[in-house]
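What follows is a set of structures to go through.
Each of the next two complexes has chain A plus one other chain: chain B in the first, chain C in the second.
Our next item is the complex of A and B:
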């Protein structure tokens, strides 16, 4: 590949090639390859989804009322969001309207997922890109206590608390059995936090691990378990019975009180631990303004969290809908998931085959025939790949485009769209965070900005849980106990042919399902998921995807330690099981494929 | 955090006296006699934590997510104090070469003394390249790490049975791990996902007693998978009384009647949901109004709609019929008896006993 320019980036793959595979602390399997120049600056980036499961063909001919359970298993990290997207798609196709209570409960569950997922992502999948665990050993517990108390009222902040933790940590490290911290990049010059901030963050890593299991109990109350709670086409399966015979077997006061207490504790943890930590950590990395990628030019959000039931128009969605292209924050374009000219998927660089690979296909017309072949310049063998050839096919992820543009999706995209729309719920917290850190607006378009937007969204979602809990209570108070509409439960009540779209904002970004139903069965099912957008490979024009763009021009402190690469890629919260599940709608068996 | 097992127990409020009683009990359970109790105590007080290598094949990570929900013991204590989670794609700090190097380090240093935990399964079509790890097929990594493992745990329905990606027509030929690893005992902990406390109980049982739990013919720990959800369901009296939910959200749903007629698979599903329950005992699917979908059973995706009634059951006189159902389920698994015999043989080989009369059968 000769050097070329695209989307404002100059790609050059002539320098030293560095491969990161596996990329850990993500969901699923991802490989990254970059080329470094003589100063260890990334001048070319290649993102490859390295797993594929074929769920859409498995869905073919199944009962559409079962689809939520299959699609939920696309991802156990963003558990529930695919199920919600699926029931919405089927309800859209069949014209099923859900009760208000079901809408409030679904919103509670979706917001609960946002809070849980963002918290676990930050502490357990991302923090070690910023926090040096070993450095925490040299912290002064008293100073750590002063630091913690200066930024938050969180009670677990005494010198003794940090001293005990540090001595446990010391014994752990001295044992030589470092467990999940084994072979980390400890001591790298890319870590910037003082020892005290590292110790505080390690304490909160462990506290968050304990607390996250409490948040999901909201799913358990309404959906019976987590991960993978249960859903229902037409509403929710959990009946409400406040004071009648058998109330103990339904959503009653005790259950509602449990949910309410979890909401309070979640708000407290997010406001007193998560947000202060993000602000504190960001203040030491203010000079590390890399990783913006596409976020300053092209972002996309479908929107979610309908205020009223059954209305999925932009005006009824509390998470914003819209697209921004060319970095023009003055224009938020409307988005139509049904328009064949808006969302299209390309496969020129994906391990699939189209009749005409120069053209993209809308998901209602999507075809996905696998075609695993490695380009002429790849190194290694078919089953021992040393380096991929990005001029040819190189990923199990397709390349979705919105009106031809590669887009970034996720918390930062949502918050940029909300900001551009001038919605104070999004604009004010962003301005406040930037002001606290003494940073200008362009600083938002970075790895740090992505991590900050996720934290702000976590707080937003925690408060919105309170809003929909109160809404649920007032609706029950008004005498409405309905949680499901089963008028169109029987397939005999359905039209012979129907098609529908469902969408949500998964924690990682915009998620859509497209379903065709014929004679009571699924005829075709297509999903485009957040990591398909963000992890996208190149398209026929050579445009790179959001991961690839975000790595461009980032310097590495050490060429053999991919810490900065991990930091930026983790800021997207990759979910590979989601992105790489598609399969031919006609369900062909794999054919043997020759390696060129 | 490098506490020994004993120190962890002490921190959780267990007294020295209780600890010694626990060691005596362990000794007698193992048939070793009371003289062994101090030796067990010494081992638990001093031995290094057992390394666990946790691999991920084709999966959705719900098993990992479930594991960290464990309330007793806390996932934090399991990961940092009870075992040494030296490799786990989802949680580990390292990536790429630094991550891959851990395999060689642990396999060499702890040969025959580490536990392999597998989440997900290997696809065998396309030379295994539907799941690539470090440029190679995942199945190669799996075989390499399995070779010198002391014991293997199959987390969840993917590793145990194949689960959703193996549902018809199984385009990638996703394959449960016991069909790839033929020479080792495998403890199956099925479920999509398994219950958190069941996962941590199985692994702490293995560490505490230094042996595999007693397994049924299909390789599942009997203590958690020995009974159907229906057997211990709190809605069972409604089943026996013929009181059923007819439609979702009808008056009977609000009264908490039996969900059999809206498709509950509790009568044919072996799991601990109705006893241990989920997320620190908060609820389980039936309690929250949806039937069991049978997610811990082999091939549950291909047994008709989740809303179809379980056939072959009579609403009354459940006992005899349910026994038949149980027999059919168990008998339908090909070569299950042979697999069990192999497991028994390996258990014997591991424990160093070769006396055939010690062999226990009759699951």
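Our next item is the complex of A and C:
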């Protein structure tokens, strides 16, 4: 590849190549290759999904009412959000309207997933990119207590608490059971926190682990079971009987009270632990303004959380819908998922075959036909690729574009769109966070900004859970107990042919499912998941995707310890895995870092 | 959740869309169809949820895990590992495909001081994993019965008797669309699905055509 410019980035692959593979495992592999210049600054970035996922093919000819159950298995973590997207697509195709209660319950489940996922992501999949666990062992518990009390009223903050925790941690580390802490680049110069901040953050890592057990109960109440809750085309599969008793059967007051108390505790935990931690950690990394990538120019949000049932227009969505291109925050473009000229997927650099690969295809016309071929300049052998050739096909991820632009999706994209719209629910918390940190608006467009937006969204979502809970209760008390509409349950009531689209904002970003139904069966099914947008390879114009852009121009403290790469990629919460930790070289060959 | 409700957790892990990766989930599915679970015993399809499974593991007094495991044995071999050997074994070599997730779950349970008293891992050495949309290979499917009986026997040792379920009293772990028979009946041919996964890219033979 000759050096070239795209989207404001100068790509140059002449320097030494560093390969991080896989960044994560289980539900798909993500591999990154970058070229470093003589100063260890990233000058070229290549993101590749190394696993074929032909869910579209698996769903063909199945019953559309069952599609949600299959799509729940696409991703190891955000199961419910795929199910929700799927039932919305089928309802859209068949013109099925859901009751208000079902809308409130779905919003509660979706918001609960946002809160849960953001918390787990920050503490368990991302914090250790900023927090040095080994350094925490040398912290002074008294000073840690002072630090904790200076930033939050959270009660677990005494010197004794941190001392106990530190000795527990020491024992754990000394026993050789590093467990979740096994894989860090501990001691790297890229870590900037004082020991006390590290200890505080590790304490909250453990508290967040504990807090999970509360929040998952909400999905069990409304979805009947967890971790794979039940969904239903036409509404929700849970009946409501306020006077009922017991933990099984219809939803009763006892279980609604449980939900209510979990919402209160979620708000408290996010406001007193998560947000203060993010603010404190960010204050030590203010100089590390890398990783913004496309966020300052092109972001996309489909929007979600309909206020009223069955209205998916932008004005009815509490999470904003819109697109920003060219960095023009003064113009938020409307987004139409049905318009064949807006969302298109390209495959010039993806291992698929189209009749004409210079053209993109809208998902309604999507084709998922594999075509694995490596470019002439790849290094290694077919069974052991050392370096991919990004001038040719190099990923199992297609390249989606919005009106021809590569876009970033996710919490930062949503918050930038909300900010640009001037919606005070989004603008005010962003301005406040930046002001607290003494940073200007451009600082938002960074790895740290992505991590900050996720934390703000977690707080927003926790409060919105309260809102929809209250709405549900008042609707029930007004005598409306309906949770499902089964008028069009039977395929005999459907048209011979129908097509529909369902969309949500998954924790990691905009998610869409497009379905064709013919004679009661699925004829075509296409998903564009958030990681398709963010992990996208190049397109016919050579435009790079959001991951690739985010790595550009980032300096690495040490070329063989690519902590900065992981920090930025993890800030997107890649949905390719149940774990985005990197394993040590002896750690079951889960990841290798190769410098060439 | 009271203690009585968490006497034992029977957990199947893996992704049923990936051939023998589905072993764990299919074990629990079959067990639930055949047996009545006594009070306090929970069966769960853990999928590939990783750390999200921690709350359930922490709450359980005893834990049975079904999984596809790379023991380095002949494909289709069934092996049970107990208690201290489970995490130790997991740390020693590549064992479970989900160990990045599940090994961390056990470590986190240990770190928080709430590891179950007893652990039983029932694993099968997979034949084929990289087959998206595929199902259990015969050598693995043949081990379902034996795997389940191992669990039932150990639960009995623990004082929990699983009575055979009356066939008229149907029970399903998941929505019936995902049950083994319906799943297999509805899937496309191997050729149509191009089911072979990442093996084609980084470690494999020819891509399907």
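What we mean here is this: the second predicted complex is superposed on the first by the 563 of 596 C-alpha atoms of A that agree within 3 Å, B and C clash if a C-alpha of one lies under 4 Å from a C-alpha of the other, contacts with A are read in each partner's own complex, and residues count from 1 in each chain.
What we mean here is this: contacts are C-beta pairs under 8 Å (C-beta built on N, C-alpha and C of every residue); 3 or more make two chains touch, one makes a residue touch a chain.
On a predicted model such as this, the values are computed, not experimentally measured, just so you know.
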Which of chain B and chain C A:385 touches, first, second, both or neither: both
Partner chain(s) touched by A:38 [first = chain B, second = chain C, both, neither]: neither
Contacts of A:287 with chain B and chain C, given as first, second, both or neither: neither
Touched partner set for A:20, first chain B, second chain C, both or neither: first
Touched partner set for A:228, first chain B, second chain C, both or neither: both
Contacts of A:212 with chain B and chain C, given as first, second, both or neither: both
Contacts of A:239 with chain B and chain C, given as first, second, both or neither: first
If touched residues of chain A are counted for chain B and for chain C, the larger one: B
Chain B versus chain C as contact partner of A:58, first or second or both or neither: both
Footprint overlap on chain A, comparing chain B with chain C: 21, 25-27, 29, 50-55, 57-58, 62-63, 66, 69-70, 73, 76-77, 79, 120, 124, 168, 172, 177-180, 206, 209-210, 212-213, 216, 227-228, 230, 370, 372, 383-385, 396, 577, 583, 589-590
In the complex with chain B, residue positions of chain A that touch it: 19-29, 31, 50-55, 57-58, 62-63, 65-66, 69-70, 73-77, 79, 120, 124-125, 128, 133, 168-169, 171-175, 177-185, 206, 209-210, 212-213, 216-217, 219-230, 232, 234-241, 244-246, 248-250, 258, 370, 372, 380, 382-386, 396, 481-484, 486, 489, 560-562, 566, 577, 583, 587, 589-590, 593
Chain A partner contacts - residues on chain C that touch it in the complex: 15-17, 44-55, 58-59, 87, 91, 93-95, 97-101, 103-104, 106-108, 110-113, 132-133, 174-175, 177-178, 186-188, 192-198, 200-205, 207-208
Touching residues on chain B, where the partner in the complex is chain A: 1-3, 48-49, 51, 56, 58-66, 68-71, 74-76, 79-80, 83-102, 123, 125-138, 140, 163-165, 167-172, 174, 192-193, 196, 235, 247-249, 253-257, 273, 278-280, 282-290, 293, 295, 301, 305-307
Chain A to chain C touching residues, read off their complex: 21, 25-27, 29, 50-55, 57-58, 60-63, 66, 69-70, 73, 76-77, 79, 116, 120, 124, 168, 172, 177-180, 206, 209-210, 212-213, 216, 227-228, 230, 351, 370, 372, 383-385, 396, 577-579, 581, 583, 588-590
